[in-house]
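Given below, in the form of structure tokens, are the structures.
After this come two complexes, each holding subunit A, first together with subunit B and then together with subunit C.
And then the complex of A and B:
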């Protein structure tokens, strides 16, 4: 158990190092002088020199790299050019809305998935159950940005049930926050539930081919009990992996939703950084998302070890 | 199950193809519709008005007989923009898919055949697999400037691992076959064995992978164009048409509805066709499909 954690922590460091280094050289390979681009044509040579120094663009490339690496190791990810704030602080200021969206939509779609798949597995003859199950899977084909705009058109502009966008911290004013979150979360839930139901259904079907079911039936266990006690719990593992990995990519994928519903999250910040060519912010933001990604992997592995005794032994 | 796999007829057997299509009639419908939409979009533009011709008098018209989808804020005919956008969006989807499947097949072949290198390659592949594609596209949009190249690079990189994993597991199964061993024993080099004996056997799988991945490619292409990170205006794509229509959502919702609906329909058809085809070449998927069929029969 401890070995797994240590190995994963080592992987985490390696991945961050690789992503950071790759990003460093990718961003440095952009033709032209970033300082000149940022300051425009009217900048004086002194201003250019100062900005270059601030950006860590002076000296040979390997020196710049070591300088950057040293800074990162001491927790200094640089200063955002556009906002003139430390990158790390910008990320933490903007992470709350993104996390709220990601957590809320993941939890809701996970529960929905388990409900729907359980229903259809226990009552395979129920037409409504099968219809709901099939209908969820349509969600896989719907482009998120389009679904979001349709939701805004119908439920915000036409019926006026929800606001068209905006963000209020959940604990500051729960009532407003929930009405504002309803539409973006619902849109995310549609896509995620589709994906998760398919994963779980495949997993259930795979489980149904197992021979232990025959044993269970032979000793007289009821069909319903077989499904609830054996098949469904055993098919949860792949779903858990998908939830974990999906959560990390959701943090990045939420960009579209954030930009439509005008939510000041990590995605919007990152997108703004691209338009403004704010290199330190881009670098820090992407590394942070990579960090979350590896961290989720780690958590999924640990959850595996807790759920599945086989993993713990090996 | 394994015996079944070893003696399973080859995927190119014509009678098997025919039975398969007969058993899955939806395949003809979905595949036919896909081809139909593609043909309409590819052949129609020469007969339509110029998609970029502004006509300030006829701004923001609602759909009518003359302008099937109405006009936009410059008076451009949205139906011709829709058709020419289809050319770009479908073209981009195909390009991304072909690049990533080709690259993924190559990586899969190498990783499957050379065991030691394969383990290292697969660890890397696993790590990069679920990295958020939009974030990667953002990085490339910064590095090479937003547009076709950045989108192609980013999405290809994201999609390659999927194919690589599937092809690799197929190759792992093939390397133990007697004809591959025979080739190796008779002195055929590894690269030639891969090209002559193994590659042809992975092709059906690669084709199916193309169909399945193109669904995802079209969605990502849409999102990136929508965010302004893909192909940029005035060239129309279905994604940036939705972005253009966003401003007029309250007054002219059709500007958003039509292009988005096309993407949804196209992706839906690709998904259906892809999973039907997958059942044809992938024994595991076939097993699951049979299982479903048996369940359904048991219910009756």
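And then the complex of A and C:
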């Protein structure tokens, strides 16, 4: 177990270094600079040059890079050019809405997936179960933005059951927070549940071909018990991997949902940073997302070990 | 042009200048006065104190430094928090605000401002001439709008605690510029000293205006609260001038980037006020639960023609050809909102700005002759197969709409053209850093500029190669004008020169509008200025 953790920590350092370095040079190679965005079109060349100098954007690129790298190594990710606030503060101020969305939608879709697949597995001939199972597949075909707009039109504007958007911290006002989160979480759940259901079903089908099931049946174990005790738990491993990666993707990837439902999350913040060419904030935000990816991989590995004894042994 | 969801529309600044110019002429002492016509009618009923107003911002402005940050949101909030020595009223006339009065020297080389007594900043510290001197020096040094003042400014001094003296090397319409610039708000000297690379930090945003900063959650919302230390100037409220009521307890600015999400929020009451897009205008007009306020000023939609040697438009014939080819009326009508669009007539100010509006270039602007345009393009040396490269930003659809129509017009006379659309940062990067990689650039700008002509634009876009040596004497004549008549003549000459040279080709004027909840009273659609707004119970 310790080895897994140490390997992942090593990976973390490598990933952050590669992502940070690549991003640093990539950002500086694209057109547009923060000074021009900040000062507007009326700024004189002298004003632009002075601001670039003040922002540390002049001088050889390798010097800028080494300066940035030195700061990062000491835990200083710089100051947002647009907001004039520390990058880490900006990330932590905006991560809560995104994390709330990601956690809520992941937990709900995971639970729904397990319920649906279990239902179909133990009662394969139940028509309702099969219908629900098939219906989830539509979730993959529906673009999230379209579903989001439809949800706003129907449930907010037409029926008035939910607000059109907004965000309130969950622990500040749970009732308001839940009504505001209902629609965006539901939209995310549809797609995630569809994907997880397919993943888990494939895994179940693979598991059903395993020889140990024949042994179990020969020992007289009932079909329901075989499914619940052996097939479903052993089918969870690929689902866990998918859940882990999905969760990390959501952190930086729900910008459309955040935008439609007016949720001030990390995705929206980073999108604004890209438009403003806020280099420090983009770099810090992307490195944070990369950090979460590696962290989720580690957690998935640990979960593997908990679920599957073979992993612990190996 | 600035950026926000409604990309940098310095329209607030824009509204201002014209009247200022006239009043700044000659030796004059101004005192607060009541404007002839109020900007708009307030609703019936007595204003009530209290409540919160929720307003949409298309993007977080990131800063309240109105000098260094040209974001429209910065300007909106700045007008609630800060006051200037002078500001425009609804008739675009300059009125003293923090100044009790001002006097222009007989030789036109000095301006003396006497400060209003008893004014305090929101933290309780008194306003002194040292604060004004520090703020004005910062404005001149760092602000792009004050760029034209910098070469003629000798010094800004404080002869005593209540007096500020501007000494100039040459005559200049200082009051007009100051009243039109959103960066001329006065701050505490200590806050100016705290300015960093990107301007004055948020925790130093302390002004004398009717509201003060309460909280700022980056990327989410900004909340202002009533400034109990506010001491309004005398005179009826009008534009940015006059006494403000400060009736609201708080004003909450919600950052909502998506315009449809903002519109939905407006419909369901989550927002009280928003600036929707043109394509939502008819829908809002038919909504009995929303009111519309059309702003008096407008933005000029234009295409800039690249004067660099790498572009065909370095040739005057090509620029004239473009003027003849472009069907400005068709482009204006393509927006489908006749209530909100007006012909620009080639002027660099709107007709509402009577002092600066000129029709000296109208005759040329009105011309439309594609056949002659074709001949002129050939005379300019446009080679067969040569492509005209047009660029813009996709943050405002009307820019690309215009370019697509121009592209079609070019195609009809056998000229190929490309249209490329980028985000704003990329566009400006390409314009500044690859000046030979484009020919036509579509943007919009303030229709009431602080300085006549497109000089500010061109100065900012210096890679267009505008002949500054010819423009400079015209601007000098304008600044030296002693009477309104002389000033009008100077403006006509600048307009003629602009029309002849065509640094930009104006397409039409686009007026902004605001949709708001009927419970909002006392709001007249003047920018996003809520100092007199109150909520009906």
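To be clear about the criterion, the second predicted complex is superposed on the first by the 291 of 314 C-alpha atoms of A that agree within 3 Å, B and C clash if a C-alpha of one lies under 4 Å from a C-alpha of the other, contacts with A are read in each partner's own complex, and residues count from 1 in each chain.
Here is the rule we go by: contacts are C-beta pairs under 8 Å (C-beta built on N, C-alpha and C of every residue); 3 or more make two chains touch, one makes a residue touch a chain.
These figures come from a predicted structure and were not determined experimentally.
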May I ask you to decide whether A:166 touches subunit B, subunit C, both, or neither, giving the answer as first, second, both or neither? second
For A:6 in the superposed arrangement: first (subunit B), second (subunit C), both or neither? neither
Quick one: classify A:269 as touching subunit B (first), subunit C (second), both or neither. second
Would you sort A:26 into first (subunit B), second (subunit C), both or neither based on which partner it touches? first
Which superposed partner A:261 touches (first subunit B, second subunit C, both, neither): second
When the two structures are overlaid on chain A, which partner does A:306 contact: first (subunit B), second (subunit C), both, or neither? neither
With both complexes overlaid on chain A, does A:253 touch subunit B (first), subunit C (second), both or neither? first
Which holds for A:111: it touches subunit B only (first), subunit C only (second), both, or neither? neither
Could you tell me if A:44 is touching subunit B, subunit C, both of them or neither one (first, second, both, neither)? second
Overlap of the subunit B and subunit C footprints on subunit A, residue-wise? 30, 149, 152, 157, 259-260, 271, 274, 277
Touching subunit C in the complex, subunit A uses residues 30-34, 36-45, 47-48, 51, 54-55, 80-85, 90, 93-94, 149, 152, 156-157, 160, 163-167, 259-262, 264, 268-269, 271-272, 274-277
Applying the document's contact rule, which stretches of subunit C touch subunit A when the two form their complex? 1-3, 8, 59-60, 62-63, 68-70, 142, 144-145, 147, 196-199, 201-202, 217-221, 254-258, 260-261, 264-265, 267-268, 270, 422-430, 432-434, 443, 445, 456-457, 459-462
So in the complex, the part of subunit A that touches subunit B is made up of which residues? 11, 15, 23, 26-27, 29-30, 124-125, 138, 140-146, 149-150, 152-153, 157, 202, 205-206, 208-209, 245-246, 248-253, 255-256, 259-260, 267, 270-271, 274, 277, 279, 282, 286, 289-290, 293
Using the touch definition from the top, list the residues of subunit B that touch subunit A in their complex. 127, 130-135, 138-139, 141-143, 146, 215, 219, 222-223, 226-227, 229, 239, 242-243, 246, 249-250, 253, 256-257, 260-261, 263-265, 267-268, 271, 287-288, 291-292, 295, 299
